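Heads up, the next two complexes both have chain A, just with different partners, chain B and then chain C.
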Partner chain A sequence: RASGDGKPEKFQPPPKPVIIDKQKQRAERRFLSPEFIPPRGRTDPLKYYMERKDMIQRRKVFNIPEFYVGSVLAVTTADPYANNKTNRFVGICIQRGGKGLGATFVLRNVIEDQGVEICYELYSPRIQAIEVLKLEKRLDDNLMYLRDALPEYSTFDVNMKPVSRLDHEEVPVNKLQVRMKPKPWSKRWERPKFNIKGIKFELPESKMKEAQKWSQPWLEFDMLREYDTSKIEEKIWKEVNEELKK
Partner chain B sequence: QGLLGRSVSHSFLSSASVTGACRAIQKLTRVRVVDNSALGNTSYHRPPKCIHVYNKTGVGKVGDTILLAIKGEKKKALIVGHKMPGPTMTPRFDSNNVVLIEDNGNPIGTRIKTPIPYILRQKEGQFSKVLAIARNFV
Partner chain C sequence: MMPIWTKSGEKHAVTLLKVQDCHVLRYVSKEESGGRTAKLLVGGKNVSPFYKPESAHQIFKEAGVPRKQKVTTFDVTDDAIIKPGTPLYAAHFRPGQFVDVTAKTIGKGFQGVMKRWGFKGQPASHGQTKTHRRPGAISTNKASKVYRGKKMPGKMGNVYRTTFGLKVWRINTKHDIIYVNGCVPGHTNCLVKVRDSKLPTCKKHNKNPPFPTFFADGDEKLPEDLFDEEIFQFTDPSVTY
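Showing the complex of A and B:
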């Protein structure tokens, strides 16, 4: 650099490049599958400890990916009555239930104008592969209302390609508001007990007001119903991670 | 144009009473015929109803034969799917599906478009012809 003074300038080393380690950022986002968290009750924690050991053993052999209610999955199971002995089903996860080894998830799809739902057990040895085609969350924990929604919201292409996403990004929340078939529905989804945010209710105001008659506003302040799982989750997270690394 | 959920497609009365969520198939359940037979697809003022289940219990599951009353006639049918949740890993359908059948087990229609559960293959001996005309399996 030509400057006015004749003295040689002191060597300035170039600025060090700043490396943002995306792996470390990913470690901050943890996902603990909901079936690891024990339910509230008076059973001996030894039972849940033993179940967790078996679950971790299964996970070492078979990869169970992270998924939420509202993500599209493809599951291949072993079926003695199918040709090729395997059976592949693609669908949207509408519910995740059960704790421990009996954890289940229900996939729904509409094939040839016929709605089909299959309840799979996560830790069943019959399951050969679980792929997540589209990982996303929805506004609700339970999408049972899709049975009464227009069939276009439950149809997913059987040959759809997995949607690629970067590892460190947040899981996207799909704020889709679903349109329903005309009433009657299988359950009165407008009632506050279901607390559904993902339906676009096109009911008249009088019906919505009448539904609010069944609201129980005292429930959220009921201290006996509180179940704080943050500390339990921390302990189980550490335990599960240590076991999985072995 | 099949039975959509709880809409009563065959009746002319819009305010007909509709029973609660149907479960497995028993006497007087309204069913949906899924093959392409003429008897199953022509419309009538009354929906096809089950009048007898050939079973020790009166409740029909997938793979059971039932007696159906369609268009004033009695016809046997095979249950291929119901709304009641069955054992895990088996599909649960949104409507009670049925395939019309003769007394010897031969289907009346020539094609079944709706998906059929793989469990029916257990009864390969009796219903092999029904499985042969089925297009999709779940």
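Showing the complex of A and C:
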């Protein structure tokens, strides 16, 4: 610390340590349920606003957890004809459809060698509880091809325990490639219009090449089909969060 | 259109109708109109006054109201006359009432006989020469003429039609929205005329309406949302049996 001047240097305090709170950083993950985003159309935005108010009101009373297509859920509904007046169904979510109050999700399971799919409405008052047993995503948005896959991929234990996970972790993506039953299938899943990544196609090369004949490569450049929802999502996310905190 | 659930868990579809700037424009007495009852002219939805001549603005200036897109007549009894210029609100109707809705149907343009009148047409194969969607025979030999009103191709839609007996499930007084059961003629955001139902089975449900109409500056303070008794409100917990 040789100072050339000979004068005493002014005391420089050490730089303050920057504390990075890792918990706060991780909690920035946002999830807005897809039924809040309004579809493209000529309807008055007031209609979507009224629907959103009702949806938020329902969410304040009843907890609708975050889940994706590919997560395993258990749903208890009120059933007037059952013993306990309740009916519990466990299954993997294969599709989430509808917008607004009519949003639905389809759960699939194989019970005693019979495939069963039930379509539930998210905001129906007959649903008494929705638990997420396993939260994960898959490679596709729509798992309808599980109907033509081997039954082992759709069977889930009815008394399965919920898989524990930490809150701040990213939702895991299950890159499982599913093996199919022999053709014919209910839909020609190898065609590019379905754009399925989660099937392990064991078809000969000639069939895969022939399926590419139906590809429409111009679709991704079609500007009229673009629907950028980022700004709408921001606004709705703020609105929904503020209302839910009240 | 939106789903709505009852307290027993059944789902019904509901159409939302907005009451946008409705004002009473003129009172026409029974003798003047030549009908059985007096009439009230009512206008809806404000619109720019610059696209019509001054003569068309006469009614609106007398009532003191901006130019309206649509003016309709309602038949009224003498005790239900309202002063021209009063605004009409959605709270004029109450949940549980029955209502008739009139509107112009979606225009489909010039349509053939199969779509317009539901004719069966002809088979697609087995030797049919250029005849798959045609009307076929239009009259008999003995008649030796075609009757008036014969169903033939023509312009379909864009006509006033009414659906009767629709139940009002819910009223929002803040935004003036009426939730009406089932579907309603017309495209989205079209203008619609809503009247008390004329069906005899609905008369007992329409008793005690706000008479002659709901006045906003009156003493009655209504809550923001008025629900029918059977509706499941989202503030309640889930339905159990």
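In this section, the second predicted complex is superposed on the first by the 221 of 246 C-alpha atoms of A that agree within 3 Å, B and C clash if a C-alpha of one lies under 4 Å from a C-alpha of the other, contacts with A are read in each partner's own complex, and residues count from 1 in each chain.
The rule is short, and it goes like this: contacts are C-beta pairs under 8 Å (C-beta built on N, C-alpha and C of every residue); 3 or more make two chains touch, one makes a residue touch a chain.
Please read all numbers here as calculations on a predicted model, not as lab measurements.
Once both complexes are superposed on chain A, the partners chain B and chain C fit side by side without clashing.
Shared-chain residue A:38: touches no atom of chain B or chain C. By the touch criterion stated above, A:104 is placed in contact with chain B alone, chain C being left untouched. Contacts of A:62 after superposition on the shared chain: chain C is touched, whereas chain B is not.
By the touch criterion defined above, A:198 reaches neither chain B nor chain C.
In the superposed pair of complexes, A:147 makes contact with chain B only, with no contact to chain C.
Of the two partner chains, chain B is the only one that A:89 touches; chain C does not reach it.
By the touch criterion defined above, A:186 lies against chain B but remains apart from chain C after alignment on the C-alpha atoms of chain A.
In the superposition on chain A, A:118 makes contact with chain B only, not with chain C. In the superposition on chain A, contact is made by A:46 with chain C only, not with chain B. The gap separating chain B from chain C at its narrowest, counted between C-alpha atoms of the superposed chains, is 10 angstrom. The interface of chain A with chain B overlaps its interface with chain C at residues 79, 121, 124, 126.
Listed in rising order, the residues of chain A touching chain C in the complex are 41-44, 46-47, 50-51, 54, 57-58, 61-62, 78-80, 85, 100-102, 121, 123-128.
Within the complex formed with chain B, the chain A residues making contact are 77, 79, 81-82, 87, 89, 104, 111-121, 124, 126, 147-148, 181-182, 184, 186. Residues of chain C that touch chain A in their complex: 2-3, 5, 9, 11, 16, 18, 172, 175, 177, 188-189, 232, 234-241. By the touch criterion stated above, chain B contacts chain A in their complex at residues 2, 4-7, 18, 21, 34, 81, 85, 88-95, 97, 113-115, 118-122, 136-138.
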